[in-house]
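The same chain A turns up in both complexes below, where it pairs with chain B and then with chain C.
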Partner chain A sequence: MAASISYDDVEVGTELPAQTFPVKRENLVRYAGASGDFNPIHWNQRFATEVGLPDVIAHGMYTMAEAVRVVTDWVEDPAAVVEYSVKFTRPVVVPDPEGAVVEVTGKVAQKLDDRRVRVDLTVTSDAGKVLGVPRAVVQLA
Partner chain B sequence: MTTVEETDAQAAKAEFLARLKEFEGLHCESGVLALDPVNGPMIRHWAEAMGDTNPVYTDAEFAKTTHFGEIVAPATMLQVWIMRGLHAGQPGGDSPVQRLYDLVVEAGFGSVVATNCEQEYMRPLRLGETVEYDQLIETVSEEKTTGLGTGHFITTLVNIFVRTGEGAEERELVGTHRFRILRYTPHKRKPKQEFKPRPRRVVNRDSKPFWDGVDEEKLLIQRCTECGTLRLPFGPGCNNCASLEWDTVEAGGLGTIYSHVTMHYPKFPAFDMPYAVALIELDEGVRTLSNIVGIPHDEVRIGMRVALEFVQHDADLKLPAFRPVDQEA
Partner chain C sequence: MPLDPKFIGRTYPPTAPYEVGREKIREFADAIGDANPAYRDPEAARKLGHPDVIAPVTFPIVVSMTAAEQIVMDPELGLDYSRVVHADQRFAYARPVRAGDRLVAVVTVENIKSMAGNDIITTRADIATEDGEHVVTAHSTLAARGTAAEGEA
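Right after this comes the complex of A and B.
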């Protein structure tokens, strides 16, 4: 499964297939266990509100990792992403039981050397951007 | 003009910042071994939590058919391999970064939130590899105030290696993880507003028949049985002939705004400020004070046609109110 997308087939502006990721408390509890990040703001409503948050919020690393799947699913090669950076601008608030929805779109923003491209993502939840300037450098075929 | 207290506070802040700045550039934690080697169960749990079903993470047979030739860990799982388990972030550690965290917590910045993450992935990690890492404190910001509160941004860089070579003397950089957190004091939250009920109805011997009518969703007008003069509010005697004899008629419910004011101040918690109060001339000819509902207070106009309705403000309080209707009515 080398990158299935060829550098020659994309242009600046090429859009990646958008994806929508539902986030429930259950996902956060599982992610806490799987990642080793047990900060109670990610699973304990009482604690989260005491420190001034509106409710339990998703792990930033969870949102970050979920968002980049728009890239890895597009190129079909999880090793194609070579750099990835985000700002955690606004937390993904995950109320119980309804949860939240993270919507991700992406497009090729720049063609780089060595058959690499820069993909800029737009990551929103509850009609607001939750990640600031999420960018991935992607190795294409 | 600055007061002595302000000058002292500024000096204390500058001194604290100088102590924080001493941590910049400190290499803490060199060559720390991960708690666990890269392993199938942790990868599976992580991929399940993310809902990522790519078989290259979990299915050895499938992975053989890929250019990796074997199972690899998801790239964005990089940080997981350097986490320190349940005791992470607990006070008492002796690394510089832990001492820095203890210092800011002691200064009152007890809350923490992640603000930035930048990662580089040199190559995917494979089963059985045990990473080791070096951590560097890159920057500590001056005191900043954000939407969450006031505190300091702390940026750390973790370089992640795998040992290679015959005697494992070489370190191969497999990834980098730059992480910025805000250690902060939350803004004070406004106390929750208690439920403040509206003023109660004043019910006396004269007004009781009126309020009984309201309870049945009828707006009653008093009528002198001697001279037929209508009056509102209810009173003991006729303003025209002084008779004490009366009965009631039910208002048709339509009227016209005769005059109005907007209440801006004082702010009563029970009311949505500002709100309109109007003197309504009922079609029967008497006037009554009431609230205008259904339009913003600044769109209320003299001459507007309005219709009666009843508003249940709380379990014990029902009041008449008026809502604008089609102006031809």
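Right after this comes the complex of A and C.
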């Protein structure tokens, strides 16, 4: 494990580089195939609206995977993430063809023992925050 | 009908080993659009101190979701899967998943409750190598919308 960021170089409030992730239907189809989650609410508009959703919605796990890239791109070694948790508070609605955009910011919220830090993320789409208390515990160098 | 709380603490048999392949990791990384070389290039992964390519942070869901089907599909428990949404997810790692791992998951029902007419079930998947080395624990909370209605006043 070799994080590129030193514990000594961060403070509570240190901001991670923010990122923006476009989400199109194609991304959801690929994610369905790779993850094995073929729930039709993630690719079939007719089915999604029949069960009361406004349109196809992204897999919560897809949004969770995108959001943590703000952390893994920061430290370079993804193994530096020792804990990661989110609540799925609001779906990311993905209309065709325009899709959706997920914006992710992060900052160091707490310095922990053993050169670890807690990073709190903020993950939003058009509808507002889509993940509740998304946070990661990260092992720094 | 609300779910029966007697299932709290129930542990299911270990899953058959899931063998993690380099190409599966690449496929998953491609699907999430993550270009990190640690997922693709064994040499880049070795420079970071890993014996082979490692898997993205959320990859263990592939193993834990399959394992959790034992709970979700348990006819005795009677969860209405057509109404289930994923409410929260947490991963705690001993080390990253890497290519060549043969992973076995043991799932446990951690909690069952009813809230606002929804059945809420929290599951834990303890994921270890076939040899018993703990790799990651995945906690998932699932909510079945409206299924606990008969239990509400």
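Assume the second predicted complex is superposed on the first by the 139 of 141 C-alpha atoms of A that agree within 3 Å, B and C clash if a C-alpha of one lies under 4 Å from a C-alpha of the other, contacts with A are read in each partner's own complex, and residues count from 1 in each chain.
By definition in this document, a contact is a pair of C-beta atoms (placed from the backbone, for glycine too) under 8 Å apart; a residue touches a chain by one contact, two chains touch by 3 or more.
Keep in mind that this is a model prediction, so the values were computed, not measured.
Engineer: For the three-chain model obtained by superposing on chain A, do chain B and chain C clash or fit?
Structural biologist: Chain B/chain C on chain A - steric clash.
Engineer: Could you say whether A:12 touches chain B, chain C, both of them, or neither, answering first, second, both or neither?
Structural biologist: It touches nothing on chain B or chain C.
Engineer: Check whether A:38 is in contact with chain B, with chain C, with both or with neither, and answer first, second, both or neither.
Structural biologist: Only chain B; A:38 stays clear of chain C.
Engineer: For A:60, select first, second, both or neither according to whether it touches chain B, chain C, the two together, or no partner.
Structural biologist: Both partners, chain B and chain C.
Engineer: Identify the partner contact of A:101: answer first if only chain B is touched, second if only chain C is, both if each is, neither if none is.
Structural biologist: Neither partner.
Engineer: Both chain B and chain C touch chain A; at which residues?
Structural biologist: 1-2, 21, 27, 30-31, 33-37, 60-62, 64-66, 68-69, 72, 77-79, 81-88.
Engineer: Report the residues of chain C in contact with chain A in the complex, numbered from low to high.
Structural biologist: 27-28, 30-34, 36, 38-39, 47-50, 54, 56-58, 61-62, 65-66, 85-93, 95-96, 139
Engineer: What does chain B use to touch chain A in their complex?
Structural biologist: 42, 45-46, 48-52, 54, 56-57, 65-68, 72, 74-77, 79-80, 83-86, 88-89, 111-124, 148-149, 178, 186-187, 189
Engineer: Tell me, which parts of chain A touch chain B in their complex?
Structural biologist: So the residues of chain A touching chain B come out as 1-2, 21, 27, 30-31, 33-39, 41, 51-52, 60-62, 64-66, 68-69, 72, 77-79, 81-88, 91.
Engineer: Okay, in this complex, where on chain A does chain C touch?
Structural biologist: Those in contact with chain C are residues 1-2, 21, 27, 30-31, 33-37, 60-62, 64-66, 68-69, 72-73, 76-79, 81-88, 132.
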